[in-house]
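Chains: A, B and C, in written order; residue numbering restarts at 1 for each.
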Amino acid sequence: MVTNPTGSFDLENVSVAYGSETAVAGVSMHIVPQSVTALIGPSGCGKSTLLRCLNRMNDELGNVKVEGSIRFDGLDIMDNRLLDPVDLRRRVGQVFQKPNPFPMSIYDNVAYGPKTHGTRAKAELDAVVEQALKRAALWNEVKDQLKKHAFELSGGQQQRLCIARALATMPEVLLMDEPASALDPISSQQIEDTIAELKKSVTIVIVTHNMQQAARISDRTAFMLRESMDRPAGLIEIGDTRVMFTNPGDKRTESYITGRFG
Amino acid sequence: MSEPRNTTRPSIGRPGISRAAEGLAKTIIIISGWTAIALLGAIAAYLFIESRSAISEVGLWSMISGELWYPTSKTAQYGFLPSETGTLWVAIVALMLCVPVGVASAVYISEFADKRIKDVYKSVIEFMAGIPSVVLGLIGLSLLAPWVRTTFGLDTGLTAFAAGLMVGVMCLPTIISIAEDALHAVPSELRMGSLALGNTRWQTTYRVTIPAASSGIFAAIMLGMGRAIGETMVVLMLAGNSGIIPNTPFLPARTLPGTIAGELGEVVRGGQHYSVLFAMGLVLFMVTFVINLAADSVLERQRRRWRR
Amino acid sequence: MSRSSRARKAEALAKTLLGMAALLALSAALGFIGYIFYRGAGYVDWAFLTQAPRKFMTEGGIYPVIVGTVYLTVWTALFALPVGIMAGIYLSEYAPRTVTTRIMRLAIANMAGVPSIVYGLFGVALFVIQMGFNRSIVAGALTLACMTLPVIITSTEEALRQIPTDLRHASLALGATKLRTIRKVILPVAGPGIITGSILGLSRAAGETAPILFTAVAFFAPIASGPLDETMALPYHLYIMATQSTKPAPNMVWGTAFVLVAGISMLNVVVAIWRSAQRRKIRW
């Protein structure tokens, strides 16, 4: 077993501004390695924004400013000299809300990351692809048709392909932004099962709209809220999922959760 | 089942060489991005440099307003007015043909034709834009000029009118495609609103859609005009290239581009006539530049208006 | 009641008139093509395509003329494609949305509207005289390349814009650099669009006369042995045959026109078919 689990994040006073408008402010939290952390909160409260801080994808949106300190296993990821965003993203993978496979074969989709990072040998690539597809629970369905175009897969399969694609670079962390929200219930269940299996080996941070889902799959839950339109959103509280859902520390969390449960 | 562990990950960090290659590629791409601006500047600069001696010896204004064009006589006269008038006649005739036909076609295919017809129509029109102008000139010589001569009882069919008709046809694709884009960009809610009030499609079109797209249609007409002014081969072949100022379009005429194309081959490199032709090019460039700039800013404003 | 019936009549009338205008434009396009085919097709046979002209260009074929146009077009592509595609990539992938890029777009739109004869003048001043290429394929191709550049830039930029942002993000999130993302994901997807637009732009360049009039062509020239030679070219040959010879030989005039139009049409059709086949392959 591993002595020293990697893939932890420490955020301190993180705020994000789109242009002149601050969307998220003052977020401090610790993300425990090799566990599932769920980010919940009403739509527009900055869950995706915060998630993108962790692999610096906000950089790619243009005109976004992130402030505060974000440490990844103790390393300041805001400092390009310490860790280039390109290198960071190899270690912190992301799965998007809508399945977005590349317009190429299943095999090429999964092999894209390893090839990017210098794996050339065919045998090695084959092994990585197989392993990643297995971890994403897609192998059995596609093992005989790896050359098939990714667009021919169903939506749920495409999303698991995207998970496999992210896993193929051996990330320590997997960020998932409502990965099941565009899928049917059965596919959604399959994704949840995959996550439960994956958390043994990677840290998972997942944004979800679905309270039951958060309760089922996460170890820890963070609740975010934007209390009024003229103030940025912030973190209300973060803690053990069971505690959060049965005995939240904050009234606002309670009313959000109970409101959601009906 | 043994899960892959993360501890055997190779050391992180791309080699410096790949960073350097990335930086170099980015630099080249950025430089390429600037070529359009650089080229446009270079065109203006070279036209100016080559026409400097004409401007200082003959004078820009006396060229632009000069009525006589005798570039090869002993006391050479370099008046642009014959060419300018001819250009104007050609453009007027062309616009009288292509504005009504072009705008009407655009309205028809945007508002009344179904999708399949529209797609086919647009590709045929795009195809038409690809017919070389020298071919249209040839067709004009063999069909249009004789027709103009007999129909209007002229000595020759090679007139500003014949050239203008053919140039008008050439401008059709420009006008149709840009006007169609402008109509297409009008949000469908506007049309729905009008139709819901009980207006017919046609009432909706001329009361709502055309006014909403008017600036784009206007820009289309301006770009068509720019093309008409700048067209070279058709006028060189059809306009007759007379040196006198034509006071009707039914006379042989010359245009600015036609004069340049017709005479640059015969002049002494670096001589005065040569420099004067560059000055003519400079005038032509500036006129079309202003037209294009105006059309583009109109289009840009329209684009902004429908973007929310 | 009568008001709405009047409105309906007006609608029918308007629709008829507009439709007639549309038909007029369409029949002009098709009529011209048809006329060229009708007049020229009969003169074109294997010998016409493969033989040199004889008897002061009244007999024989136009082989060196065709070769000249091919040379010019290929060199134009060599000059215009790399710069044009990279400039398109810059505008779509790298350029910030600022005043500078607005000016760049303006410059590109404007370049497309500069009269072709002005490009000819520019080519004479810069490529023929200043750079010392004289009348040559290189000078002509550089001139044509300047003229074609805006088409290539615009079609590249448009093709790149069609690609969903999601796809870029997917690659970047895997730790690919921007350049790799462009090379491995964006360009393969946008390729057909870029190639289609570029070939259409180049096919227009192949039909241009004014820009090469003083930069590349000669009434008669043997097949060029190198890019610094002058050349014959289809559009110029057609122009000269149609206007300057005292008794134009119909086979030369209409045969050349046919070859030029048929060549460009074929290119257009092939590209259109290939494009729609590519489109069917990748569906979003």
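Operating definition for what follows: a contact is a pair of C-beta atoms (placed from the backbone, for glycine too) under 8 Å apart; a residue touches a chain by one contact, two chains touch by 3 or more.
These numbers were taken from a predicted model, which means no experiment stands behind them.
Each chain gets a centre from the mean of its Cα atoms; the one farthest from the centre of subunit C is A.
Central chain assignment: C. Criterion: smallest distance from chain C-alpha mean to the mean of all protein C-alpha atoms. Rounded to whole angstrom, the centroid-to-centroid distance between subunit A and subunit C, based on C-alpha atoms, equals 47 Å. The distance from the centre of subunit A to the centre of subunit B, with each centre set as the mean of the Cα atoms, comes to 51 Å. Once the centre of each chain is set as its mean CA position, subunit B and subunit C turn out to be 15 Å apart.
Within subunit C, residues 177 each touch two or more of the remaining chains.
Among the residues of subunit A, those in touch with two or more other chains are 86-87, 90-91. Looking at subunit B, one finds that residues 14 touch two or more other chains. The touching residues of subunit C, when paired with subunit B in their complex, are 7-8, 10-11, 14-15, 17-19, 21-22, 24-26, 28-30, 32-33, 35-36, 39, 82-84, 86-87, 89-91, 94-95, 103-104, 106-122, 124-126, 129, 146, 149-150, 153, 177-179, 200, 203-204, 207-210, 213-214, 235-236, 238-239, 242-243, 253, 257, 260-261, 264-265, 268, 272.
Looking at the complex, you find that subunit A touches subunit C at residues 55, 57, 60, 62, 86-91, 93-94, 96, 98, 100-104, 112-113, 116-117, 151, 162, 165-166, 169.
By the touch criterion given at the top, residues 96-97, 164, 166-177, 180, 184-185, 188-189, 282-283 of subunit C touch subunit A in their complex. Within the complex formed with subunit C, the subunit B residues making contact are 14, 18, 21-22, 25-26, 28-30, 32-37, 39-40, 42-43, 46-47, 49-50, 100-102, 104-105, 107-109, 112-113, 121, 123-139, 141-143, 169, 172, 176, 199-203, 205-206, 223, 226-227, 229-233, 236-237, 257, 260-261, 264-265, 269, 277-278, 281, 284-285, 288-289, 291-293, 295-296.
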